[in-house]
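In what follows, structures are represented as C-alpha cells.
Paired with chain B in one complex and with chain C in the other, chain A is shared by the two complexes that follow.
Entry: the complex of A and B
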C-alpha cells in the first residue's frame, strides 16, 4: 500500500516536472521570437524589454532560465504583469480560485445526481421510449458546445424570458462571493451550474447506463434475483454499487480538468471572474506572465488531483493494491 | 472524455451466429463490418446529414456568387431589397436612445440575409457556409494529422520497445496529463503572436495551419496510447513472430502485417476525433485564438454574434446549431462504427 502511494507520488512529481519543462519550452524557447519582448507585452519600451531580459536571465543558458522561472513562480512568487503595471500575478491567480471552485463544485453535485437519475432510469427502462428519449437527449447535450449553450441560456434568462416568473429571479451576469451573500452566490451560479453540468450528465449518464446493463448480465445479479429481492433493491444495492467504480476515476479526472482550465469557457460566457476568465483576459491583452502562471498552477492542480484519485482508488478497490 | 475500447475485428463465423441465418463463408471481417453499419439506420441517417452539411458548405461560393455579395468585406453602407423596397443593411436603432445602428434581422426575401446581417453588415448565412468550410477543413486536417502522428509514435514505441518505448511513453504521460485547453492556449498565444519559419516554409500568424497543427497535436496522446498497446499485442502475435523468423525486413512487416491490423483502431477514432476537433476549433475561435479574421469559422461567428445576442440572436444561434447537428451526427456515427468493428459490443 505504502509502496503504491510512493510510486504514484513519484510519478506525479515526474509529470509535473515534464509539464513545467514543456511550458517553459513553449513560452521561452520557440524559435524566431524574443521571449523578453513577449513578456513585456505590446508597445513596451526597449528599456523594459532589456530589464526583463536581465531579470529572467534570457541572456543566459536555458537551464538557468528554467530555474529562474520556477523560482519566480513557486519560491519568491514575485512574477509581475507588465500589461497591468506591477500587478503581482500569483496572488491574482489565488484570488480567482474561489469563483472557479464554486462553479465546478456546484456543477459537480448537479451532474452526479443528474447522471445517476438518467443512468438508472435508462437502464431500468431499457429499450423503452424513455430510454431512447434519454439517450438522444444526452447525446445532444454532449454535442452542444458549452459556451454556445451558455449564450442560449443567457438569451433566455437574461433577455427573452427575463420578465416572466420563470427567470425573473436571475441576477445580472457576474460572480457574487459566498462570504458576501449566500443567496446572491447561489442565484448567480444556478444557470452556470446547469449549463456546465449538461455535458457531464450526458457523458456520465451514458456510461452508467452501459455499466448497469453489463452488470445485469452477471451471475451475482441472477443470484440476487433468485433470492427474490425486489427489482429496486437489486438495482440500487447490487448493480449500481459495482457500476459506480469507474465513475470515481472519471469524476476525479473531470473535476480536476474543470478546475484546471476546462471551465474557462463557462466562466467567460457568464462573466464569472475565476481562473479561466483571468486566463481569457490575459489572452486578450497578451499578458504572458498571467497565462504562464495560470497554465502551470492549473496543470499542477490537475496532476495532483489525478494522483489523489488513483490513491483513493487503491483504498476503495482491493484489486488495485496488489 | 471517454474513449472507445480497442476494437477487435470479429471473425465472420462468430458474427454469423447472431445475425440472420445466412452462410458466413467467404465474408471477410471488413464486409461484415460494412454490412452491420449499413443495417444501422441511425448511422446511415447521420452519414447523410454529414454529407449534406459538407455539400452545403462546398456550395458557399455559389450562394455568395448568386447573391453577388462578398461575405468577408465590411458592408456598413449596404442596402438590400425587402418587399420591393430598398432598405439599409444597418437599420437605425429603435431601442434605447435611438442612437447607433442594428444589423437587419432574418428575412425571407430573395435578396439574401436569410439569417440577417452581423455587426459589419455582412450576410450571416453566407458566412455560416464559408465558416463551415473552414470548420470542417480544420477538423478533417487536424484528425488526419493526429492519426498520422499517433500511428507513428505508437508504432515506434510499441514495436521497438525497450528504451525508445520508455522515453516515448513517459513523454505521452506528460502530454496526457496536460489539460488540453491549457496546452492549446499556450501553443496558440505563442504561435499566433508572430509569424515563424520552419525550414523553407513561413507560417503567418493568421494561417489556418496553426489551428490545424495545434488541434492535431493536442489529441495525439489520447490516440497514441491505445495504438501502442495494440502494436505491443501484435508484436507478440504468431504471424508477426513468424514473419520476423523468416527474416523479413522490419519495414515490410510493419507495412504488411502490423499496419493493416491497426486500421480498425484508427477508423474508430475518426468520427470521435472529428467531433472533438470541431468542438475544440469552435472553442479556440470563440476565445479568439483559433481562426483569425478575416477568415471565418463557426466558432468565430458565434463570437461575432455575442455582442448582438439580445438584439439579433440568430447570428450566434445558427453556427451553434450547425455545430450541434454536425457533432451529433459524428457521435452517432462514431458509436455505430465502433459497434460494427467491435465483436464484443455486438448484441448489446
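Entry: the complex of A and C
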C-alpha cells in the first residue's frame, strides 16, 4: 500500500515536472514572444532590451534559464510580475487560492448531492413524467452558459429583486474571507455556488442516470430482485454502488480543473479574486511569470485530484485493489 | 397431490419497436413437491422467459403476461410487487446462468448471502453471517470462513456458482429455479455443480425447475421434462417416457444430437437443419414444420395434441406414423 502511494507520488512529481518544462518552453522559448522585449515595453532601445535580457538571464542556455526560473518560483519565491513591477508572483497566487477553493468546494458539494438526487430519481422513475422533466431541466442547465446565468443571477439578486424578501440578504459582489466572517463568507458564495453547480448537476445527473439504467440491465440486478430485496436497497446498494466509478472519475477531473482556474468565468462574473481571475488578467497582459505560476499550480491540482480519484477507486471497487 | 407451482396458458408478449412479439404461447406446466422438472429447448425458445415472467422478473413496462400461475394454490400473476418480493428469495429462489455476472461485483459473498436472509427473516448481522458460512460449507467451498469475506472476482467460476447456489438455498426455498446453472462452467465443474444441486435440493426439500438446453443434464437430473420450441411446450412427460419413446420430431432431433457413449463415434453429430422461426411469427401452423423431416400439408394448421397419461406432444403424428418414421433406437 505504502509502495503504491509512493509510486503514485513519484508519478505526480514527474508529470508536474513535464508540465513545468512544457509551459516554460511555450512561454519563454517560442519564437516571437521575446520575454526581454516584452518586459522592456514598447519603444525601448535595443540596448535596454539587451540589458534586461542579461539581467533576467534570458541570454543563457535554455536549461539554465529553466533552472533559474524554477529556483525563483519555488525556492527563493522572489519571481516578480513582468507587468506590475515588484509584485511577487507566489504570494499573489497563494492569496487567490482561498476564494477559488471556497467557490469550487461549495459548488462541488451542491453538484454531487444534486446530481445524485437527479440521477437516482430519473433512473428510478424512468420514462415517467418526472424523468422527462428532469432530463429537460438538466439539458437547460447544461446549455445555459455560466457567465450568462451568473449575470442573470446578479441582475435578479443584486438589482431587480434585491429589495424583496427573497434576495435582500445577498451581499454585494466579491469574496469575504472565511476568517473574517463565516456568515459573510457563506452569503457571498451561495449564489456563485448555485451558478457554478447548475452545469455540473446537469452533466453528472444525466451521466449517472445513463449508468444506472445500464446497471439495471445487468444480471446482478436481476439476482438482487430475485432475492426479494426492496427497490430502494437494489437502487442504492447494488445499482448506484456499481455506477459510481465513472462519476468519481469525472468528479476528479472537473474538480481539479476548476480549482486550477477553470472557474474563471464564475470568478469574473461574481468579482471573486480567485486563481481563474488572476490567470485571466495575467493572460490579458501576457504576464509570463504569473501565467507560469498559475499553470503549474493548476497542473498540481489536476494531477493531485487524479491521484485522489485513483485511491478512491480502490475504496469503491474491490476489483481495482488487486 | 396439489402442485407446488401450477402455470396455465401462460402467454408472454414483449412490446418492441417493431410491434408486439409473443415469446411464450399458451404454456402450461406444473411442478409437484420434491420433483425436478427440466424445461429444455434452444436459445430463444422462451424457457427462461416463462419462468422469469411468473416470478415478475421481466421488465413490467414492456411485457404483458397473461394466463394463470399459482404457487401453493395462491395466484402469483398480478400480485403487487411488494407481495411478490416476499415470495422471491424466500419461497422461490433463482440460480442464474452466468455466475460471473450474477453477483454484485462490489460486495463480499457473505454480505450478499446475509442480505437475502435478512430481507426475509428477523436475524441479526452476525447470525446471518454464521448462516452464510454454513451455507458456503454446504456447497463445498473450501475454507468457508474466509470465502465469506471474498469478493466475487476472487473466486473461480465454479466457486461463484456454488456461492450463488448457497445464496439461493439460504432461506430454504420450496422451489428452486435454476436457469442454465452449468452452461457457463467447464465440463468437469458442471458435473460437480449438478451433483451439488441434486443433493442440496433433496436435503432442503426443494423442488427444482431446471432450465437447460442439454439433454444430458436432463437425463441426469430431472424426473419430468418439458421440451420447448418457439415459445410452446411441444412435448412433455416423465424423463423415461420422453427419452424412451419421444413423440415429437423436434425431440427426436434433440435426442439424436447426444453423442453415443459406446460404439463408434459418429464423425458428425446429427443436427436439426434450419433455424427456429423468428419470434414475431404469426402463422397458425406447427412452428417446427419448416424444419421437420416428417412435415405434411396438414402441419400448416395448428397441430393437435397427442395425449397418453402424463405424456403429451403437440404433433399430428400418431403412434403408427411415428413408428414408421422413426424406428426405435436399439438400446446400447
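Everything that follows uses one rule, which is that the second predicted complex is superposed on the first by the 282 of 322 C-alpha atoms of A that agree within 3 Å, B and C clash if a C-alpha of one lies under 4 Å from a C-alpha of the other, contacts with A are read in each partner's own complex, and residues count from 1 in each chain.
Just so it is clear, a residue touches a chain if its C-beta (ideal position, glycine included) is under 8 Å from a C-beta of that chain, and two chains touch if they have at least 3 such contacts.
All values derive from a computational prediction rather than experimental measurement.
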Touched partner set for A:238, first chain B, second chain C, both or neither: second
Contacts of A:228 with chain B and chain C, given as first, second, both or neither: second
Touching partner for A:137 - first (chain B), second (chain C), both, neither: neither
Partner contacting more residues of chain A (chain B vs chain C): B
Chain B versus chain C as contact partner of A:159, first or second or both or neither: first
Touched partner set for A:112, first chain B, second chain C, both or neither: neither
Doubly contacted chain A residues - partners chain C and chain B: none
Sites on chain A touched by chain B in the complex: 11, 14-15, 18-19, 22-23, 26-27, 30-33, 38, 139-140, 142-145, 147-149, 151-152, 154-155, 158-159, 203, 207, 210, 213, 250, 257, 260-262, 264-265, 268, 279-280, 283-284, 286, 288, 291, 294-295, 298-299, 302-303, 306
Residues of chain C touching chain A in the complex: 52, 55, 57, 61, 81, 85-90, 93-94, 96-98, 101-107, 115-116, 119-120, 151, 153, 164, 167
Chain B - residues contacting chain A, complex: 1-2, 170-171, 173-175, 177-182, 185-187, 189-191, 193-197, 275, 279, 282-283, 286-289, 302, 305-306, 309-310, 313, 316-317, 320, 323-324, 327-328, 331-332, 348
Footprint of chain C on chain A - complex, ascending: 127, 218-220, 222-231, 233, 237-238, 241-242, 316-319, 322
